[in-house]
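Take this structure first; my questions come after.
The letters A, B, C and D name the chains in turn, as written, and every chain counts its residues from 1.
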């Protein structure tokens, strides 16, 4: 298998590191399919140096020219979508249609990046004082880095580097070492679109690579998406090294089901939001909070019926609804959460712990699971399960429901199902969560707004992509200017022209 | 009475025109209280010339300094609110609390104008091409003019001149000749706040004054608020003279009362919206469209009860709800509309035609009137009545109600009463009206948004005050700049610094 | 030649009008090459009706989907650039490289239109009052029309319809009947990019077509680019019909050559700016104002030398610098201006009146012409010549030069050549011109700023394309919203959550 | 002296801590004038709790009402300017006119805060998908804290709390314990302006107070201005506690004097920029870099002459140019830097080490000092001296000068003196400094732009006050909303209205 080692992409070329490698699995079959080279400190520094060298030229390239590479990049991503989604499916396990959806959300950020000339406009004031002008300009930072998780190997990197690069920065990306192939291929397409060498670099690796990025003084900023403990580590380490940082962490996204909710809409949208991509999404809807037992009973009944039709299986079969989870270890962890809920008194309504996929017996599958009568003090409620598990909490009032959400450590996404304008407005205003849906289960902001949670779901000031992305990847410079008369302009009695 | 002639305010001084005068009434008593001087063409030109002379200096005054005069102006308006409201009440007839409300909305525009340094920021782009920068700057137009109606002698002028002046223009205002005193006093306060002479000028007058403003080539822009036929004349005449123009006209504002509306809220808010200021507001709510006869019957019943408590009388008594209309002629016109509705088949539920106010028998009073079973082809429905008359149209569906509104020639304001998110969203999206309320009867935009109707309620591109006000009163200038090397900067091998 | 009649493009299909036709020339040869069908009132109404029918569906298409058609349109314009530039060259006469430049500037507006989701963002305020929210939304107008000139058959239409359409409007374009083929082909490409039928329509025609657009009540707005007398007619007629309008007219663009100017840069850039496209550009630089006779003499000398190398000829030869003018009549008019200057006392330094192009003796050619000692009272100075004629005015001070520019009826473009910061800043601030260059001879704003002149070069409030384009093609709607409690949300004692 | 102990301002009342106190000096006389109470952890927590309790009510107060308190606050600051400046002068030592200037720059931020309703507008999108809308809203963070330095006891706090508070946050300020009286008095005025209790709190103290603010989980954000080592500690500690932070540190601000500079302007503006407020400003201009020895010699000569006229003395004498430094220790440190420069080979041209002020022999005075032939490796060049010391470095090219600046650890402010457009543009674009002046020695951005350095002069993403201030003190919330039909709206066949 030595011929099949995934390397790094540095200065426009594939580089292999002579040090360690790690297995890459096909989760649908449970087999090791490739090996990935893990970057040593020296290899990461090579990438940083390449980025540093590319910076002066790239920074001085007019924004419109930078944007035109993004226009071309969008075309190439669309033309090569099948190849990208296959690479995602093979290494991540998500079904091809889901991988295509992921790619599409990433492409939308590229589309937004195409508007760079507008997005980078500064502010100009004539006469801050008599004959004194001032303007603020948003300049790139230099070399910036991204560290991304396994669950969206295409989309999450695309949240970062198109914005960073179109703003004039150069980039070093460390994607997840579990499913790096689609990410690397996308980086190659960006070069095919005309990006100069060294502007975009990808290194695979583990903690050594991460720490090199965090400590190297050339790196100006870090964008991170992953779990909260790591996000916290990234944020504080980056700060201790004087860098700016946005670190997005975990989530526990609740839906409140109000008594006036449109139940058909609730059921159909919860299925996708809870079990799509096996729940391995930071915006997965993992807790349904019902107001009143009547709604709870109806919901449980309808969901139970609907879940029977869900189809679990390998990534390559388009009729499947969702696929395996990322590793055997993660499968065991999810099953442990379900069992813990059961032991602590919750009721397992639909149990996916034993689900098998015929012909793929070694794949890392967990069936869709529905748990009723969950309580806030259960371990399965406190943790982010990141699996196809939907937990139901029954409360009597919207107040109780909102208190649950506001007391939880995470504040990434949430939604309410209601037809009532007042309830929705109150919820949106007062809920301590960054991304809020009204009758929308996965309120991921579109690419021209920005993505980010509150509380321990995001560390930093600025959200990711959208207008905040531009601001994160640029540095304000304010110029104040006055010109002394130099006599070139004759005739000081010249009177002010008037209309 | 010759000693009591109201003059003009030109170049910081009161000026009287030797030509015509016109009576100014106290509508609460029906008596002539003052005379107003009507400006001849020469007097208007004197004001335009003063404004033209003041322009160069004012234009070059830094925006922050211009804004500081607005800060001071706000203080003076607040300190002198009692005097202003009394002047409004005496000549217009609205109750003092209503006049105070009017003034407050005007002050809010002054508050907004205090933010001029932010509002006037231009757009700056480094590197539109290599080493070529560009920026857009919003420069004042020069001399601009406002022509305002009798119904808000303080507020409507304040919608215009604070924005125009803080943007660096100089101004000529022609307020209504029916109630000019509060307007003139406000102009004096603006000078007390530190405005240089000639920047703000007020001329009273009639068509000769208006036409002088419309034809004088020095005047760069016209803001107008009044009736639609005049707005149309102003717009086309200004355009034929090459000027920019925003001309706000009439209205017929409908409220849709949905079956799920909060009836208490409907009734209490309709009272104020229909009868406040005797309905002499371009945002008055003059038509209630009920969905279903059940709602209609309840509404008629509740309104009839509530209208019994309305108190009509002189401007000076704070316990009155509303006062007289502006003139005897206008009173007769309103009564004519009521009679016409009756004759064409509508049912007069509460009849204000004969209402008398004891002790003020010669005042121009019309009582609050409620008319049911109004039909779209009645003359009283097609016209803007501008009196304390609420007409009810009964329909069966929201579709019918929206069609009524969308087919009407005016599109100023409208509102819907409902608790349903979907109904409200559909209404807001699809109604052809510029200012829309959801459970808000008078959806006048706050000063930091902009005011303007659609269809024949506004002629022009830009709404009045708010961000559109800034844009209307400024002209974009775009500079593109490249510097040739002149050898002052030695060392051409200087390499780009990097972080 | 009946087989070669150019028709209209209505509702996605080519339509021919049975009425009149007009000759279309190949100016390089002087021969009639095609005939163009001139739309009757009925044909124009057919286009308006198609646009009206397409509006509801297009308006409701999400901005991102509308933008994606622009992404695809850009690709098609680039892929078919050779065909487009050939069509331009054949009918207009400009050299292919110049036509490619024109197309490129047009494509840049399409690139800007791709950012529609960002550009169409409205303004949102929570709590304009307690529990009352307000937002402003920018909605499309409906059917809008464009009327465009012969000199940029691709670029000027592209300044308008991509912006109008991406904002949700539907469009009727009346291009110049002299060179309509490239325009029609571009409209076809837009449909190939996925635009629904009826959203974009093109009618060829003359005054009847124009007047139909100006008078039809369905048409909401008019964008016009052409000469000032027509712009004035368009503006006042559109306004008299209650429409919004931006009408761009003529120009007389001056360059001030300061004593410290970089002469090499002046000479090389003036050549292109004065003679490129035979001076048939509203941004052509047609007057050089020299400060001091020393600079004037040097400039005349260097220009005379440099002009010897200019190559005049047919559109199809890439080595040519510029080509014929649009018609025989226009050629005669240009020659008349040169002769008039001569008769009124100016000195013809380089005379293009007799210039012949070998092999193309019937083409409409005028050679590059340089005239010295022009005075402000000469007819050739007052008029827009729109030919390859550069006039030099000698003055002694920058003050005199600025007075010339500020006194001229036009205020489209201007530039200054200097190395001095103070002179440039004073010029930019005080010159009464909308588009200003510093060492840039043709300061056409990039697509993400906006294009527009001052004084009699533009009638209306808003410039064309860029941010102003978005504002011109949308109508502000402001919603103010309050929700009454409906009891769905239980537990009124619910206390505000805090962080 | 026990009667003269300065306390804290918590929940609208003055509170004294029973723990430690520290001496407050009058630097002009060198005498202890007061004692300041140093807050224990418990006292700081009391302030935090007060702020936390005040948050829900303040957050829900409409922005316009919050802004109106700022309008009133501005008036009170202006009315009480004499008292504030006297308090500054007594404890800091700067001359009254300088204190008035400081206050004015602070008031400008209050003026900017008055525009909160405009500044807090969110972004609104109709139809992110069909019938799905989204908006982003900028909500306050909760309790936020500021930690401010001795050198601007009024201005730097005013950079922070008006912005934080008008955005809806509640505030705990820890000003410098060396000169807290003006800060406390300003906080009282803010309450007099109508601020509810607990919204603004001031605690005096040292490291215990700082660490309590940094570690308390209720505090959401920290703004800091001070020296770089402390800024670095604040930034990393705040981040380790999951907070957002902007930490502004030290500076070494260079002016480049080009050969074409206007020498009179250079000399007069350098005097104020180098010696004003004894150089105790983070924007003080402490290094002049001359291009060419000719300019250096002339500059030294002119400066030497001009410095003779500088008047040093007590804060209370308006004719003084500058006053004492803050402490005896700081005076000794400054003298140490001068001596070190001398020992390392620089030439002391004007020596302020022995300067005495008659009648104030114990005051902490250092005279204006000019040092020539400074080299980059000298300790006095590397350090921020924060005293009335101007060092001159002689280089031969602009390249060398820019390299010096770009290599220095700080990147706060800088300026260039030139008349040449190209040199200025190159400098502004390529210098690695956040605030840049062209012929402006102290390029402090006006209140409606934002203040912040680059490199080790600022840790964090967002600059202080201005637009960045709004963004720093708010958290983005993005709502995505879809309404299911609920049947309230009858007539599903309702067709889209069209214009």
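The working rule: a residue touches a chain if its C-beta (ideal position, glycine included) is under 8 Å from a C-beta of that chain, and two chains touch if they have at least 3 such contacts.
Just so it is clear, the structure is predicted and the values come from calculations on it, not from any experiment.
The most distant chain from subunit A, with centres taken as the mean of CA atoms, is B. Interface comparison, B-D versus A-B: the higher count of C-beta contacts falls to B-D.
Measuring from the averaged C-alpha position of subunit A to that of subunit B gives a distance of 48 Å.
Separating the centre of subunit B from that of subunit C, both taken as means of CA atoms, is a distance of 36 Å. Centres computed as Cα averages put subunit B at a distance of 42 Å from subunit D. With touch defined as above, residues shared between interfaces to two or more other chains in subunit B number as follows: 64, 117, 121, 123, 125-126, 128, 136, 260, 418-422, 424, 438, 446, 448, 481, 483-484, 486, 496, 499.
Contacts from subunit D toward subunit A in the complex involve residues 123, 125, 128, 132, 134, 136, 232, 235-236, 238-240, 242, 244-245, 260, 262, 265, 419, 424, 428, 433-440, 443-446, 448-452, 454, 456, 459-463, 467-468, 471-472, 475-484, 486. Those residues of subunit A lying in contact with subunit C across their complex are 64, 67-68, 71, 74-75, 108, 111-112, 114-115, 117-119, 121, 126, 131, 133, 258-260, 291, 396-400, 402-403, 406, 418, 420-423, 425-426, 429-432, 446-448, 455, 481, 483-486, 488-491, 493-494, 496-497, 499. Within the complex, the subunit A residues that touch subunit B are 52, 55-56, 59-60, 62-64, 117, 120-130, 135-137, 139, 141-143, 218, 220, 418-422, 424, 438, 495-496, 498-499.
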